[in-house]
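Each structure below appears as structure tokens.
In the two complexes that follow, chain A is the common piece, with chain B as its partner first and chain C second.
And then the complex of A and B:
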């Protein structure tokens, strides 16, 4: 079991959170959608696992490289 | 009386000069997963093509009777080789001797490598690993001379000159610090091996002494640092991958600025129309898409070679081919700040355009530019200066240029995407103007909006009116673009353009000069 920290690649705002803590996710699943420079930027699961922590909520602002979620991989 | 004794001695000394740092030095190199300089050269060039220069360079030691008692090889190896049959100069430090820090003959050969490439007008590939000068080396001995004579030419002039004459590639297989780090970046393409290489101005000991911070080589200058610092273009999985990337990079460029980039036979149909291009851009203009897929579908199959993906990631830069003709590809990646031009993207952009200009490689630009990046961080980073330098590089470009308006084109930054006399195609998904409607309307019509009974509704109404006026058809009717096209036609149209520009490319050779830019 490994904990994988997921970072935002951009500065922007959280628009939608698509998963809840405890959800099982597959590689490439969209966890969060950010809004930056009027574009919707999906934050995807880098590998399959379970959502351990969601560190942001809608309308939060996020910085580049900020950890926005943690998933536990099998 | 024959000269056979001397000839035997020549043979013996050549053999001694090949031993590098001896069995132990070579074993240490291998133990840490790195190749020796001779193995690097062998892995890079066509088999059996290496022709070494200075076969017997060394630091000899003699006893009182003039018998040779020691023979330390020059720790820089240089010579000609061939890559895909084309001649190159290749050289690099021998790290198994003095950690690559130059001994006297080694230093001369390292400087000669640059001169060789310029003199013989062939590409230069540096296989770097070394720490540069050492306080132990150099002059200062009793009775000797110190420093360079006052009349000597600037030592680094040849490094600067080479970049305007021949393709220069730097590879790092191990730690590269000091002067070699300077050589690393004085290149058109720099690539480092992910696990074994680091690039630093000063290594951990210097940094600890000067700044009191204790960091490892990797923390200072590992691949994870430099993929984002932009001082290397690409990260290779290992040294062999670095050499594979070097060969591929050189395949797009001419042997020197006086020759043309080699056009090859193309197996991919120039009339190929990819169905998926019709749906590549979402109708919702805020939804992101993968511009690399678009580039891949338009260019010759498997011909796209991207450079510097993680540096200034809102801007993609790659070499590729269209109907066998090498081209430089620029495209905005809307998944990073909507493709906006950041300070880093601006620097990456200008440098890439200057490289294409230097080697007369035509540019194909997929335009999705929302403008210069804005906000406090962008202002602190000096974005507007680097952005304007990019605009100026494009405005003064001398190579044939094709631009495909695929999505957005807003603000001054958009001017960076058109060279003089550009061939301009537009997709139906294009939107352009001084400012994007969102934001732009709020600024331009703020009085009208504020005076309205329902300001939000008024703003949306104006936005909608303007959106309709932004139909792509008038620009084709007014000949503001050459053609408004079905996205599937992009490859056939560009391949025809490649044929049209051949007479221009024939005349477009020789050195390029740039004026000062912002």
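And then the complex of A and C:
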């Protein structure tokens, strides 16, 4: 079991959170959708696992490289 | 003529409108959010009006605040620019109700063209070609029936949409059904309206649009632009005239666009966007506002479209502004515009930060529209357009070359920009040959991913 921290690639705002803590996710599933400069930027699961922590909520602002979620991989 | 124009916008377009007002001898009032206090349009306008806050929802798209600011500034007209509230019919009618002239067409015209199936119906009835498509789709049964009638592949489009946002392509019934729910949710989220419809997906179309001017009685087409170099349905490079399209073919579609807008009593500047595939034009949408790429038409025709837009709103007649005998009759000028965006070309991600260096070049045959001042920040709150570079010349090759030189000479530090991508496009044999379509740029980027640190090649 490994904990993988997922970072935002951009500075922006959280538009939508697509998963809940405890959800099982596959590689490439969209966890969170960020919004920056009128573009939607999806944050995807880098590998399959379970959502351990969601560290942001809609309308939160995020910085580049900020950890936005943690998933536990099998 | 108006006495004082309130500008409900920011950046490159706000500065462009300030310039047109100054040249017309009209006062301008620059609106600004708390992030834009140091922007050049604020310094250059006659007066300014603060819209407190950062987010667009609190500032430039806040209808109450914008109208209150325009009233207390004593404006008798309002220019919405593009984006933000420019195509919001409720805003346009509330501006008029406040006793301020809205610089744009009538609210019901904005509403008709804003609803895409209604716009298609209007254009088709007026004799303008439209691609096979459907009315609004209510349920899955109607969806499948419409798709079978249109033929695969199809595109699911938001009816209240525009600018390419929220569109989904489906190549089979299974894909279509899977895309339906998410397309509706996307449309609801982006436009506050979940209605969607279907249109045939044309094979490798070119985006060609017609610049229109109308005074309520007469409408004139003053030329076309080609805007096929796009990524995420957003234009990157535009030019006039469109290379390699027969002038008779353009004249015919221009006349049809004139007829369609005259039937609507169109009174302002506007653009009829089309897709050209297999030598046939098909209606895309009407934009009832100034466009980002208006400058290439200005460069080849010698017209000032923003001044004309303001004078039409003030009630001047088209035949006086643009006597038929002096109307542009084709041109021996060529113009190419490159949009400099604050984004990483490789990862296609927006880039924020402070503009530690921002120095527009001054070059012969190069028009630069720069929206920022050195030291200002690019923030997540607004769009990523940093500047536009427009090269003009007596040949297409020279116009492209001048644009390339202008993009290279623009010094920007503090954010990532797409200048490397623009240069790669402007040098590409496909672009030089005029052989690009709306999917070209993304297919090139997919085919040739550049390793980090290496020069970007397409």
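Simple rule for what comes next: the second predicted complex is superposed on the first by the 74 of 74 C-alpha atoms of A that agree within 3 Å, B and C clash if a C-alpha of one lies under 4 Å from a C-alpha of the other, contacts with A are read in each partner's own complex, and residues count from 1 in each chain.
Methods note: a residue touches a chain if its C-beta (ideal position, glycine included) is under 8 Å from a C-beta of that chain, and two chains touch if they have at least 3 such contacts.
Note that the structure is a prediction, hence the values are computed from the model and not measured.
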According to the stated criteria, A:10 is in contact with first (chain B), second (chain C), both, or neither; which is it? both
Check the residue A:42 against both partner chains and state whether it touches chain B (first), chain C (second), both, or neither. first
Dominant contact partner of chain A by residue count, chain C or chain B: C
Would you sort A:30 into first (chain B), second (chain C), both or neither based on which partner it touches? neither
Let me check the overlay on chain A: which residues of chain A are in contact with chain B and also with chain C? 9-11, 36-39, 41
For the complex, which residues does chain B have touching chain A? 286-288, 313, 334-338, 340, 370, 373, 375, 377, 436, 438-439
Chain B-facing residues of chain A, complex: 9-11, 36-42
Chain A - residues contacting chain C, complex: 9-13, 16, 35-39, 41, 61, 64
As the complex stands, chain C meets chain A at residues 189, 232, 342-343, 347, 349-352, 378, 380, 382-384
